[in-house]
Each structure stands twice: as structure tokens, then as C-alpha cells.
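Got a structure for you, questions after.
Each chain carries a letter (A, B, C and D) given by its place in the written order, and its residues are counted from 1.
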Amino acid sequence: MADTVRVALIGCGRIAQVAHLPALEKADGIDLVAVCDPSGGVARAVARRYGVPSAHTDQREVFTDPSVDAVIVAAPDRFHHSIAAEALAAGKHVLVEKPLASTVAEAEALADLVDRTGLVLQVGAMKRHDQGVRFAGRFVAERLGEVRSFNAWYRIGDLRPGIEATLFPHVHADLAARQVEAGFKADRRRYLLATHGAHVFDTVRYLLGDVSSVVARHREDGKDQTWQALLTTAAGAVGTISITVDVPGVPTEGIEVFGSAGTVRVDTHFPFYRRASTVHAYADGLTTVPELTDGDAYERQLEAFARTIRDGGSPVPDVHDGVRAIRLIEATAAAVESGAEVKL
Amino acid sequence: MADTVRVALIGCGRIAQVAHLPALEKADGIDLVAVCDPSGGVARAVARRYGVPSAHTDQREVFTDPSVDAVIVAAPDRFHHSIAAEALAAGKHVLVEKPLASTVAEAEALADLVDRTGLVLQVGAMKRHDQGVRFAGRFVAERLGEVRSFNAWYRIGDLRPGIEATLFPHVHADLAARQVEAGFKADRRRYLLATHGAHVFDTVRYLLGDVSSVVARHREDGKDQTWQALLTTAAGAVGTISITVDVPGVPTEGIEVFGSAGTVRVDTHFPFYRRASTVHAYADGLTTVPELTDGDAYERQLEAFARTIRDGGSPVPDVHDGVRAIRLIEATAAAVESGAEVKL
Amino acid sequence: MADTVRVALIGCGRIAQVAHLPALEKADGIDLVAVCDPSGGVARAVARRYGVPSAHTDQREVFTDPSVDAVIVAAPDRFHHSIAAEALAAGKHVLVEKPLASTVAEAEALADLVDRTGLVLQVGAMKRHDQGVRFAGRFVAERLGEVRSFNAWYRIGDLRPGIEATLFPHVHADLAARQVEAGFKADRRRYLLATHGAHVFDTVRYLLGDVSSVVARHREDGKDQTWQALLTTAAGAVGTISITVDVPGVPTEGIEVFGSAGTVRVDTHFPFYRRASTVHAYADGLTTVPELTDGDAYERQLEAFARTIRDGGSPVPDVHDGVRAIRLIEATAAAVESGAEVKL
Amino acid sequence: MADTVRVALIGCGRIAQVAHLPALEKADGIDLVAVCDPSGGVARAVARRYGVPSAHTDQREVFTDPSVDAVIVAAPDRFHHSIAAEALAAGKHVLVEKPLASTVAEAEALADLVDRTGLVLQVGAMKRHDQGVRFAGRFVAERLGEVRSFNAWYRIGDLRPGIEATLFPHVHADLAARQVEAGFKADRRRYLLATHGAHVFDTVRYLLGDVSSVVARHREDGKDQTWQALLTTAAGAVGTISITVDVPGVPTEGIEVFGSAGTVRVDTHFPFYRRASTVHAYADGLTTVPELTDGDAYERQLEAFARTIRDGGSPVPDVHDGVRAIRLIEATAAAVESGAEVKL
């Protein structure tokens, strides 16, 4: 394979335009050669803006194009499984936005397909490529000692729309498509846990390993949702996760981990500030705060994807991480329903 | 009654010397007229230092002294109930260090005695007199809207002994007595939840009202202990409480409360810094941080006690708050044992 | 005039591509109808990206185009004066990047031209449109009382290139043109004070009014530069300004102002984070921190420019502010040379 | 000499009672054997409280007492020189509160006396014993590279009296003596620069070495005072010092130092919180924050004094530091008067 991975972007909606396209334009080792969106107008607009040679409305044209090495799946959540499966079947490597699929069964089917094809499937939980989260991961592994407890939070503040209006570039939209999507997002409870909660679940797994049990409480206030969960990890740490949408104020996201020899706190910024998480890592009388500048986790995710395709190895996160993240989402939803502890 | 309340201090150990005696010397409206400790040497040493007219080793001498209006019970936890009961029986108002008693039954017996005598019994949960916690309480009542969720934490850091060595005055100690106490504190699991956990439970109740259910997990690592609990309040808020002893680093304590119209965060400083909690209160696009200078919660607690005795009204917190705090401690311990939800 | 102001952008280099073009695409009430750059390749590339109808290499084509209401001058500093003068002579309103001109004499010539033509000339000191700086301005005027002292700082950290690499979009560049510019920037001492120092001088004037005297010290370490200045304002406040390029670490910029009744601290973020300055405003026992979301000062600057053209009034900052900022830069440079106080 | 240094405290006023006596009670290697104050009532009260064997009203009784190794001079500023001189003449080591003396001439006379007697004279600039300032000192020496610039500030906030009311123990005072002192402090301009400014001048010298020139501006607003000064160090660093009394809000004190390889920021807490300064030290992409617990600089100063007496070596700071601090104060006052640069 050539040094540069040639990718096609499938789905050119909001997340594609605010996150993936600006990152694709700058990422090293990766070249965007085609875009595809059901709305031809949107596909052509983004192709023009980013100088992409070809724009499609039918993804099959992408899959049959031998010049395409890999696809990025940024279509709505409910299409992740089918597009990823079709891409793998066509021999393309895949970077699929989280959540990997809508159900554990779908996700496992993708895992089988990956095993069978030997292709790279990376899940778009881009926080794992956040330099700060990486720093914290190393600190947990090397300095923190035995992990004993943790508290994680993901809170969408009601000031978020104003921040997005500032940070987002002008977005080319197809109004009809947007209305259809709004319908699917209308099951906010499911949507928010799967699409937003996914981040915190994946970060917990990245830093602390698998979760073995969850008890959860949920509260619904009109469009607002709150989840509070009590977790035990397979390694025996006890912790909490709080997910709240909307709370008054700015968005906040983070985790604190307490070990036998140190503690670490990660404050993750709203991703479109393109800042690495701020980390405070304490051990032996000193708190260390890395000053990290490579702050676009979407760009770093793409570069990691390209490196894995070129050099081999396991993508981060891989399809099995994607399966487990969905399992954790489903366990949390089940724990809310039953009121009792759910084992994983 | 005269304008100034004349009090006796029963128990002159460490907490008396580092917290109550310096506060008594400065508090308005209250006059320390006697001290009592099983160790005559300790009683005389503190009397000399603080210019207290009389020092006793037998608390009955205090109870029969008509010039004493009230007593402060700073003896070890297991004596709180009996000393407080004896004092009330002798017609003395009582300020009793938290926890109010060792069991719910003992605490309820004190509540009966208070009802019967009409005397003032205030529980020494002094954080309610922290100016910052007070500010937060008003903010929750007036600006935050409906309370939806919260997260509270109380973490004793392993740097605490060094901080205490700096902040504490020279403590006069009777070594034999100290060894006896160390034996009682040896059941760290019970001691820590009752003596330290009591603070966070009381603050949660002060800001959010009664708790109706609790699920809890616990972890023991040598002398270190972790509790993680998932709570529902009677008003329907869902939240978490984390209690950890020791974690690497400095002690931290606080609570965040999320409402429909605002949020508030309270960071409570190690009490012997004598600083009011730092509060960040958000509503309507503005975060407000009060700069509070009256930072000795022990002194404010004493002045509130004296005012209640002089002017009437209900002490803060009163005996019923003391009962409920113990009930919550016992429910948490029971939830750890059973693994299941405990209703209150 | 129509509701929407039709503007042409003159100079499509780095600052145009990272600041003005993304802002122009989103700003309300303003429409980018033409771009102009000596490099035809760059002009065409940005026109394609942002869907601008016409791209020029000769600015005279813009000046004679009757469909153009106003121009934005984003060419290198040394061309500000001549392009702005030509534009005004052609009847176009002008938004000119700071510094307004290279010398006080040039700047005053522009002021005369503005007076004669009655056209709008706004200087691109966009920090005045930073929501946080605005908040601070109102606080100084309404709550702070008499201004007594201040400290301002503008420090370019050596981590800035990494941050820019993350935040900046892909920039279309003409290498030959870039080399020419590098030559002009090679007089770093002059360039840095005029181009970077201009921000802090303008913010000081915005918040505190005119400066009446300056004493300054300077230090040069290879490519690094330090200015430390002691200032007195016409209203009698005494303060300091620190400008340092490069210091180890992240860029920092801000000002603290101390008055008779309050204090205010403004921490200005690196502009391409598109965050309003963080403000801590203290008075009467409360620190207030506004949570501000409209964080693109370049976009707000454009909208203010369009409103002034449509509705009349004085632009912020106007040509006289631009003159005074240069006077202050020159006074600082002169104070460094002489070692003595320079009166303005 | 015995392992424990036997000291007498001369002057038992407010600073003695809030700072030195609590520290003397706890410091290792030092034993308070006598106190002396013109007010016999005050001397006896503090002797009783701290269990000091003898209380005097005439300092000559202390100087002739062979059991006294050293004296701590905590009398009002104008007596520092004469008491220290008398003590040295009597063969006693001396710890004298800053400022060392009222004039450079007096201070130099003490330096001569120290040279002649070979006794230890330590100046009570206790911030040099602040663990955070020490950490910063090592960082400047080892990691920061060449020092290029700095900004220091010392601001007494108008909330200070409330904080003092909370933190200070009950103070035994002689009202007549207090009125006399108030008269001397009435020349606030001189008093504040010498007594409060002394701290920041000494910290600048400790971290950055000698100052070679100063330009200063001053402003007086009723009882409030502001100094802004521009300094050059002998090593060539350029910086500013801001001293303001009172500003609205809490007291703040600190310094930022910028070097070729790193930067360090020291935030010094109000001393009676007994917290080491908070330090942020940046180099090589990492900010380091030491978590320091030994926070009583007065206690550490005493222990250092005792160690120097026992083990030899130069006290920190020594008499020459004390002379230079006064020289810097006088230079600043002269710079205000003349408006011109004063060389040191």
C-alpha cells in the first residue's frame, strides 16, 4: 500500500462538516478522495470547499472504487452497522463513528466480519486520541498504583448551542434530511445514552478496564435527562458515572481516578475548542499538569487509523471495544429499568 | 437568662483543643466557665492556657453547678449519648459533637429527652455554620430551581497529617487515654463512616432534604476505605456520595448540585484553615463566587448555639437532624452489607 | 443602502484565512462579494472554498466596482495606510487590520481622509469586540469606582506554534510572497511591538482611557523580546504593561484593574480558541464570572462594522483610536531608546 | 551549646501573639524561656498562656540572663535597631523582625556589629522559609534558565480585617501602648512601604538577586496607597513590582518569573492560613505544582535560626540582606520623589 491512505467519507452531515472534514484536510498520511451523501447538494458543497475530487450520492459507487482504501462512516447512528458491514464486505478498512452499532447483536456481527476479513475497523471514540486522556492512561498504568475508585461525569450544559454557534463553521444542510434525523433523535433517552454516554463509557474502559456490574438511576424532566450509575470494574474498583443533559451552564466532562499511589483528574474540553484534556496527575507530593498542544482528537484519530492500516497492529479502539461500549450502554439502560444491579 | 451563656466543656482532648477552645475564647455571647476531662493534667493545662476559672475530672461537678447554663460534649463518640442525656437531665442545654450517638436508638432517646425538657440540643455538625455552605443553601432555595441531581465527596488525603501538624496548636495529651481511644477507633470502617461520613451526609440533608434510598459499595485496602453510594432524595433528586480514606494527596470535600435553573458547587476546605467553603453558583449566564471572611465554622456554631439559648427557636442542626444523620449512616452500612437498595 | 453590506477582502494571507474568512462566512449583515490577493492562486483558492463570486489580483478592480460597499484590509502592515487611503478615496468604507498604519503621520493622514469623506473607518483591534472585554468595560464604568492602578500583560508562549498548527485550517500560501513578508517581519523588535503590542495598548485605552506618560525597559535575547513599561493614564491611574515574546509555555494575555470600589481581571484566550475572555469582576463581597458563548471576536467585529455602516454612529475603535494606539507604540519605543519618561 | 536554643521574646504585641508565640510553642530545637514587654500585664498573660517561665518588662533583665542564648525582636519597627544592637552587645544571637532597621545607616551599623561579634543575626523575612518560595528558588536556579523578566505584586485587600478576625487568636493588648503605635503607623506611606513592601523586595532579591535600578510611581487615596515600580536586576532581568493597600477584595501576593527555559509563578497565601505558597513551575511541556504541607513559615524560620546557631553557617536572610532590603525601600521612596531612575 502507498504511504498515504485514500479514504472516502460516507455521510456529510453536521459531524462530518464540523469534525471530520477539517481534520481530514490537515491529517498526515491520509487523503480524502471521495465524499458521499444522500443529498447531492451537500456532497457537492463539501467537495468544492475541501477540494475533494469526487462526490457521490450512492455509497455503492464508493465501495466499488478500487482507488478507495478505506471509508469513514459518519452517517446517522442507525446506519453505522449496515454501511460498515457493506464496506468491509467490499474490502475497505473502516473508521465508524461511535456508537459502533445500534445493538450488541449488530456490533458482534461486525466483529465477526472483521475477524473474517482481517481488515481494520476502528471505532470513532476519538477521546482515546485526546493527548490528555493518553497522558492519563500512561499515568494510571505507571504511577497511580492499584486503582481503587473513580468518578466520571459528562454534562451537556444549556450554553452548548451558543458555543457551537461560535465554533462550528457554516454547515451545508439538506433540510429534509435534517427533519428525518430529528425524528430518530426524538427518542432522546436512547439517543443521548448511546451517542453521548458512549464517550464516558469508553473513557472509563480505556482508563480502568472492563466494567463488571452497574446499578443506575434515571430521571427525565421534559427534554432533560439524568443518569447516575454506580459501577464496579472487573479489577475491583468502585466508582460512579453521572450523565446529565441539559444542565444549566457550560458543558463539562471528566473523570477522577484514585489509586493506591496517586490520583489523576482529567477535564475534557468541549471537543471543538480543539484542546487536549487538562490533566492533573498527583503522586509523591507533586501534581503534574502537561501542557499539550496537539489538541484535535479528530485529526489524531485519523492519523492513528492511517498508521494502523499502513503498519498493522490493533486499532484504538477496536471492534471489540465498540461491542463492549454498547454492552455497557445496554446494561445501564437495563439497570434503570429493573432498579437492580446488572452484571456484565 | 443573662446575655452571655455560661458553658462548660466536657472532654478536653484533641478536637476540644484544636477546635472548640480557640473558638470559645473568641465567640460572642458565650463564656467558658469550666472544663472537664478524665485527665486532671489535661483539664488543668487547658484551663490555664485559656484562663478558665475551674477544671474538673468528674462531669457530675459540672452538672450540679448552677452557674453553668450549657455544656459542650467533646468526649469520644461512644460517650456522646450518656453525657448528653445526663446534661439534659440536669437541666443544661447541650451542644454535642457529631455523631449525636452511636445508634439510632440512643439518638432517639435523646430526642425524647429534648422534647420532654424543652432544652436546646444542637448537634455539632459545624459545616452548617460554614458561611459558604449557608450561601449555597440560600442559592439552592432561591435560584437553582428544582433540584435534579448531585454529587458529593469527602476524601481524606494522605497529606492530612502534615497539614494538621502545621495547623494544630500544641496539644496537651494524656497518653493512656489516647491509647484507649485508639482502640475504639480501630474499627476504622465504622468509625470513619460515622465520624467523617457524618459531615457529607449532614451537608446533603441540609442542602437537599431527606434521603429516601441508598445503594452502596465499599472497598477496604488495609487501613484505607472507600464508599461509593447512589442516593435518591425524598424530593426525587438522584445523586452520588463518595467517601474515601486515605487517598493520595490533600483532603478534598464538596458537593455539586444541579437544578432546573442553576447549579452550585461547594468546595469545603480542611476546617482548620478556618476558611468558608468556596462556592461557585451559576444561574442566568453568571457564575457568582462570594468572598467570605468569617471562616471559623466552630466559632459560628457556638454563637448560633448561644443565640438559640437566649432567643429561642430551633437549633441548627437539631436533635432530629442528628437522628436522621445516624439513620443515613446505618442505612449506608446496611446497603454495603446486603448489596441491595435500602429505603429510609 | 441594502440591509447587507457587500465587502471585498484585500489580502488573503494567513490572518485572512484563519480569522477573517471563517468569520465573514458566518457574520450577520455582511456579504463577502470579492477577494483580492497579489497571488492569483491564493485568491482563487479562497474564493472557491468560501464560495466568493469574484477573485482579483489588482485591488483597483475592487475599488472601481460599484457593487462593493466596503473593504477589509488584511494585507501586510506596511500596506495598511496606502490601501485604506485608496479605498476611502474610492468611496469605500474600510475595516483595516491593526496597526492602522506604520507611523503616526500616516495614521493622521487617514484620520483627515475619514473626516473629509465621512466614510466609516474601523480599526481591526478585534479585542474590543470580545464579549469578556466588553463586560469588563461596563464593570469598570459602572461598578469599579475610580480607577487607581492596573497591570496588563501580553505574552506569546513558545507553545504557540503547536496550538496554531492545531487550530488553524489548512492555509493556502504563495511561498514567494511569504518569503518577502518574512523579510519585513525580520525587524522583530518593531514588528512585535506594533503588531502584537498593539492589542494590549488598545485594551488599556479601551478600559482606562488615554495614557499620558510611559517609561519602558526592553531586553532582546536572540529572537526573543521583552518590554516592561510603567504608565500613567490621563485620569491618574498608575500601571504596568509587560510584553514578552517568546516565553516558555502557553500564550497568556490579560489585564487586572484596581479601583476604589472593585477590581476586575480579564484573561484573554488565544483568539483562535474563539472564546470570550474570562472575567473575574469583584465588588461588594462578590466575584462575578460571566459565562459568555459568543466567542468569535472577529465575527463580532464584522457585525459591528456592518451595523455602523448601516445605522451610523462611530465605529469601535475609530480612526482616532488607531492613531493613538500608534502614538503609544511609538512613545514606548522612544522611551526604550532614551531610558527616560515620555509624555504623550 | 546545648541542642536546644533558649530564646527570649522581646515585644509581645500583636505579631508576637499571632505569629511568633504559636510558632515558638511548636518549633523544634528552640525553647522560649522568657518574654519581655513594656506592659507587664501583656507579658504575664502570654507567659501564662504559653507556659513561659519568666516574664519581664525591662529587656536589660533578658540581656544579662546567662541562660538566654538568643532573642527574638518583635518590638515596633523603630526599636529594631536599638534592641538588636543591645542584644548583640550582650552576646545574644538575634532574630529581628523585618525591616531590620529604620534607615540604611542603622542597618549598616548592625552589620558592623555582627561582623565584630560573630553572632548570628537573622532577619525575620519569613517568606524565605515558605516551602513554596524555597521550591521556586530551586526551580529558578536549576530549571528556569537565564532569568529575563518578572512581575511581583503585594496587595492588601480590604477584606483582610475580616480574615484576621477569624484567624487570629484572642490578642492580649495594652490599649495605651496600642495608641502610641497607631501614632507611629500614621505615616502610612513610609510604614506600608517598609513593613509590607519589605516582603516583596526581599522575595525579589531571594529569587533574582540584587536590584540595580528602580523607577517608581506612587498614588495616595486617603488611607490607600499604590506603588508601581519598574526594576532592573544586576543580572539584567527587567520587571515590575506592584504594591497596593487597600484594594477591594482579598489579599494577594506573588511573583511570576520568566526565564529562557521555564517560568514559575508563586502565589503566596495570607500568612496566617499557614499554607506554603502555591507554585506553578513550567519547563519542558510540564507544569509542576508541589503539594506542600509544612506551611508555617514562622515556625520554619525559628527552626532555621536555631539550626544556624547550633551548626554554624549563614542565616537566611542575613544582616546584609536586611541592609539591602532597606536600601531598596529607600531607593523606591526616592524614585517616587524624583520621578527619575534611581541606581542602587
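A few notes on this one:
Rule of thumb we're sticking to: a contact is a pair of C-beta atoms (placed from the backbone, for glycine too) under 8 Å apart; a residue touches a chain by one contact, two chains touch by 3 or more.
All of these numbers come straight from a predicted model, not from anything done at the bench.
Chains that count as touching both subunit B and subunit D, per the definition above, are A, C.
Shared numbers divided by all numbers used gives the overlap of an interface; between subunit B and subunit C this overlap exceeds half, so the copies present the same residues.
Chain centres here are C-alpha means, and the one lying farthest from subunit B is C. The geometric centre of subunit B is 55 Å away from that of subunit C, both derived from CA atoms. If you average the Cα atoms of subunit A and of subunit B, the two centres end up 44 Å apart. Shared contact sites, meaning residues of subunit D that touch two or more other chains, fall at 159, 249, 282, 285, 287, 291. Note for the complex: subunit B touches subunit A at residues 146, 148-149, 151, 153, 155, 159, 215-219, 221, 224, 226, 228-230, 232, 236-240, 242, 244, 247-249, 258-263, 282-283, 285, 287, 339-341. Listing the residues of subunit B that touch subunit D in their complex gives 22, 25-26, 48-51, 159, 162-163, 165-167, 169-170, 249-250, 273-275, 291, 293-296, 299. Partner subunit D is touched in their complex by these residues of subunit A: 280, 282, 285-292.
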